[in-house]
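Once you scroll down, you'll see the structures, which are given as structure tokens.
Two complexes come next, and they have one chain in common, chain A, joined by chain B in the first and chain C in the second.
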Partner chain A sequence: MRTLEVLAPETLEEALALKAHHGTALLPLAGGTDVIPGIRRGAYGAVALLDLSRIPDLNRIVDDGTEIRIGALATHADVVESAIVGAHIPVLSEACGTVGSVQIRSRGTIGGNLCHASPASDSVPALRVLGSVCEIRSSKGTREIPVGDFCISPGVTRVLPADLLVGIRVPKMRPGSRWFYLKLGQRRAMAIAKVSVAFLAAEDGGVLSDVRISLGAVAPTVCGAPRTAACLEGKKLGETVISEAVEMIQTEAKPIADIRSTEEYRREMVGVLLGRGLRGFLE
Partner chain B sequence: MKDFKVVGKKVRRVDALGKVTGQARYAADLADPHMLYGAVLRASLSHARVVSIDVSQAVSFPGVEAVLTAADVPGRNRFGTMIPNQRVLADDKVRFRGDGLAVVAARSAREAARALSGIRVQLEPLSAVFSPEEAMKRGAPGIHGKSNIFVHHKVRKGRIADGFRRADVILRRTYTTALIEHAYLEPEAVMARPDGEGGVLVEGCVQNMYTTRRGLSTVLRLPLAKIRVVQTTVGGSFGGKDEVMTVLAARAAMLALRTGRPVQMVNSREESFHESYKRHPYVMEYRIGAKKNGRLTALEVRMVANAGAYATTTPFVVWRSVVQCAGPYVVPHVKADAYGVYTNTVYTGAMRGFGSPQGNFGIELLMDELAGELGMDPLDLRILNGIRTGSRTATGQKLDQPVAFIETLERSARSINWKRRREELDGQPRNARRRKGIGMAASYRGCALGAEGTDAAGAVVSVQTDGSVIVWSGIAEVGQGYYTVIAQITAEVLGVNLADVTVLPYDTAIMSDSGPSVASRSTMLGGTATRRAAGRVRRKMLAEARLILRTKAKSMDLERGWVVSSGGQRRMRIRDLAAACFERGVALFEFGWYKGPDIHWDEQRGRGSPYFTYVYGTNMAEVEVDQETGEVRVLQFVSAHDVGRVVNPQGVLGQIYGGVAMGLGYGLLEEVEEREGRLVTENFDEYLIPTSLDMPQMKAVMVENPDRHGPYGAKSVGEPTTEIAAPAVVNAICHATGQRVRDLPANLERVLLGKKLVRT
Partner chain C sequence: MEVVAIKCTVNGREHRLECEANLTLLDMLRESLGLTGTKSGCAVGECGACTVVMNGEAVNACLVLAAQVDGADILTVEGLQEDGVLDPLQEMFIRHGAVQCGFCTPGMLMSAKALLNGNPDPTEEEIRVAISGNLCRCTGYQQIVEAISAASAKEKSREKKEGKNCGW
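And now, the complex of A and B:
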């Protein structure tokens, strides 16, 4: 039996004060789907937990006009079920719907998913193509970091010892945007991605612009494919353009090999998923 | 035929309520106010000489009551069935990373874990071997003795050269299977209590109580009578809670006897992955010959099993593989050799199927490849060569019991509409992104232990004075539904309701050694023993009833709680009869014993009749393969099995559905990965088993083919249901893609790229 110290502040200010005082010795606990197994594994050393669940409104999803603000403690299920998310940033609903299982989606949070900084995260590729910004608070004030710069390496983010990630601001997608999130896993539930691709672009008369692509599970962090995105910029979608993009992304991606898959397979699949998503727009 | 009242009827498992309400007591739930917690220090190297283990610091850690090493083993630090070379704690050498070096008992689990860091171990690294290929080489480092090849079994039939001379087509193929984990829900756990008289009581999720007790007796230097093993509810076993439980029980018992206090030991999931034995990975090389018309002429097989660090049941596992190597087919000339080889990896042993899933994977893929070569439908090839009543097997045994193999083939084919479906699917465009395929696999399987050893079991049936009944069996409930089966048999014989029968936990103090709960033998052996015990009680009850009712009528019966006359009139309630028997001094307490028929095996010649009867089965699968990603969806699955007689249809369905799930995991997903003897997959986040969403529509076909040996004709169903799902689904994948996959598991990478990619 293991005993753990758990601090459960009731206000954000209190939580920030505790974090300012204890720093890394205090590990924020949101849904616990990564933190609890990590503690059992001994991955965090001697830490106390900062339970964020009693802080009001930290899980709210709000329409701010041009943006959707998602509280860090919103669960994947909250995101999937949110009408606001569904209407304005559906690529995020799609991605969050592929996380784990009903149980995991009901516990795991969007903020926790970001802070875990897994390259195989499902929410991060979607947040990244959406141009989302992380809201980080400390007792000294608020900072903002784009999702694309938030993760440094697996498990390591730009959150400092006195910081808490409190929310994510997500610009609304323009009407008529083209998007997809495609993921490959070894089984149909409880599957961590072997490869995933998130895509978002504006489209006018079949011509793509502002193309954004994020790749999950191919590098130490979720990454982009800027050359491929640029190659699609201003193009009218057709079989030739798609084939070129597929070929390009297979050269551009520098997949890693790990327990979940191989470099060769991932390289191939990045192209397959991109091609599949793009061809879907033609149907 | 008599109309059964309970046997063959759908009934709820007798142990369902406790499990679904959380009331069932598992070993980790046990507690005692004085208990200590045990922890194990495991090896950090795969192969090393143990130079020294210094526990002097650790003993003075807070809360610590004892720290023991191999030097503290009171008896002989060796156990095992045929080749006893397993250690409770490493003495001379470390042979794999799961080996224990020392154990601690402390007042809390945390203190026990902390004390492990105070143990100083000096190991001298030895060169290690991780694959049988390396281990079999001349000059390879010996793990137990000089040679790492410690098992060789063979089968010889006819003259192999003649067989190949007669062949029009000869095919050579190599297939491999993966190292897999049982993945039972409950990791290993025990509680050991000193009995105050020098003996010990062990409670835990032990699968084979008498085997574990024998191991403890050797290790603790105690007579068997001084060791009592009682089973707690078992959260799944699948063959997996044998040696690993003996190790755990022995360590806990040593600590309990040393400290005089109860000691609980519970493995975490990671510890379970690292320490518990797995299914043997095989490399199987085949050469098969056939006439143009499809008749098989010859089969040559060489199988190599990676046994890991210890012998355990490998001799028997490998033996079953070689005996059943030809599958359910008549082959006039057979030459088969199978080897078990030590390596410095996690040891392998019994797992549901016990050497058959590997061999069936090989022969069933081979049959499909041969059918392709001959331009034949795989079903036709199997029907043509399939065994029938009176056929001779690869070991030369004449099958004199009714053989229902062809029936399983034909009923499966009807169910899935094989011929038409296969033709329809052949018409799909070759390059379609998603392509469907249909595949099959079949098997025959020897029931029970066969020539592995004496096959006998006992049971006690005791009618209480109110007519309720207690049953004890020498065979364990490990999730297979056995207690429900023997409760049904008892209720059938005694004419009482199923609810009146209680099966009490398996306890070495009560029952004579009935062998292990393995080999799909529970119903055949234990069921027959129970039927005999209940039959004895029944005869006593009827004899007393005649005296009480002053009748000489021979045809009285016990039915639905009543003593009834031949005309069906109710004469007396069974509960009143039970009370009367007590008053008249007649004990309704009887023991039943059943020993299976004799069998014969000639190890020198590789021939004989290794099992007294067999079961037969066919699986068919339809899959859809994404040809761009290698994703496989199993769309439908038919599993047909000859079970002899169905005792509990719900139980048979459970075995079939569970067996298919396990077999599909073997086929598509599962692999314990090791790198240089270090386990990479150590929990279910990386070791993937199928989820409910991965399971297809399943259709179970129960073929009844009563056998004279089993109770009411019942045979086996536990293992056959899991041994042919993998080849069926892989054959279906190959039908869909036109590409052969010859290695397990058929995961995305392998299906797409046709090979296992090297990971860097």
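And now, the complex of A and C:
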């Protein structure tokens, strides 16, 4: 690996001051599960690293009443093991539990997953259906950006050169919500998604409302499926409604083709995953 | 070339090192400390051969920068035995034929160690999840799962009750 400099500030203020001064020449390092393979591939050029892992409390998960606040440095394992997350936003535990392996989940962070901005980042579809908001900070102040607007293209986010992502605020799910996160990969473990579907809706007497659907690994960024969500709105779930939704999402999704899968296969599988998840509610 | 000073505990022993900032924990263990039990396979987090236990969690040593290890507590395969007595996991890997070429074994053992530390009685499914980041080209995994299961608390106490000798 090429030589590099690692700066390891002990406070967030110090980190933000360094970022304000050095901008893009200073690459944030959280768990390193994307950064270190990237350095090996020579993906970053001549950068120094800004190690965020020494900053206290940046990994905390707290219950703020109506919301859960997750520090950017919380690992996927922290999220999966958090009783607060499990009780109030279980679709996120489910999504983070599918990331890589035990080893990747013990190091990889939710902030790194967002900032890597891969269309296959597993936490993102779940955070998106939950209506989460990213807290971005610079030495000048804090900005908030909805997760749905955070990723611009693969690897590119709304985080500016002087910024750091400090946390994510996630509204609690309503009790009795219907939800799933389903991911299709090459194999069960250690697989980057070919397609994933996150679903969240309120349910009353079998009737769905406030339906939200996000798709991972289908488009260049995680995207929604608003027409399919609208087609399920106010409907009572049954075989006919499910078949209609499956057909609709297969026309609505505009999949990409890449090394992991073809466009046709992705289009087919988006429908299969949605159908599988919705039929699960009937059992 | 930037050098960082690191203090960390490896297998119960405190070490103070001066490392190049770009060194990975894997290189630090193998090259700086001579602990070559931890294997280098893919070097990008895919194979698990480099798995060690860091602050109680299984991690890929190839994906951790030595600079991030300052203050950490590391356990490697060399630290499993105590005064020449093998860890029950090592005993069971031998007894159940869970080692063929042996390249994946240190990583498998450390993934299993992290699992049993937090969950002394895992189900078969939990064992399979715990080693899902560790590739083995030889055994087909079944013997490894059996060995870990045999080293779990329930099995150990059953074997004890039945008066089985766990050792050689």
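For the reader, a short list of remarks on this structure follows.
The definition used in the following text is that the second predicted complex is superposed on the first by the 282 of 283 C-alpha atoms of A that agree within 3 Å, B and C clash if a C-alpha of one lies under 4 Å from a C-alpha of the other, contacts with A are read in each partner's own complex, and residues count from 1 in each chain.
Going forward, a residue touches a chain if its C-beta (ideal position, glycine included) is under 8 Å from a C-beta of that chain, and two chains touch if they have at least 3 such contacts.
Bear in mind that the values here come from a model prediction, so they are computed numbers and not experimental data.
In the superposition on chain A, contact of A:107 is made with chain C only, not with chain B. In the superposed model, A:8 lies in contact with chain C only, and not with chain B.
Of the two partner chains, chain B is the only one touched by A:192; chain C is not.
By the document's definition of touching, of the two partners only chain C reaches A:32; chain B does not. Of the two partner chains placed around the shared chain by superposition, chain B is the only one that A:261 touches, whereas chain C remains out of contact. In the superposition on chain A, contact of A:142 is made with neither chain B nor chain C. Residues 1-2, 37, 40, 101, 188-190 of chain A lie at the contact with chain B in one complex and at the contact with chain C in the other.
Only residues 108-110, 268, 270, 628-631, 669, 673, 680-681, 685-686, 688, 690-694, 747-749, 752-753, 757-760 of chain B touch chain A when the two sit together in their complex. By the touch criterion stated above, chain A contacts chain B in their complex at residues 1-2, 37, 40-41, 101, 184, 186-192, 194, 257-265, 268-269, 272, 276.
Of all residues in chain A, those touching chain C in their complex are 1-6, 8, 29, 31-33, 36-37, 39-40, 49, 51, 53, 77, 100-104, 106-107, 188-190.
Across the interface of their complex, chain A is touched by residues 1-2, 4, 20-22, 24, 43-46, 48, 51, 54, 57-60, 62-65, 67-68, 70, 111, 114-115, 129-130, 132-134 of chain C.
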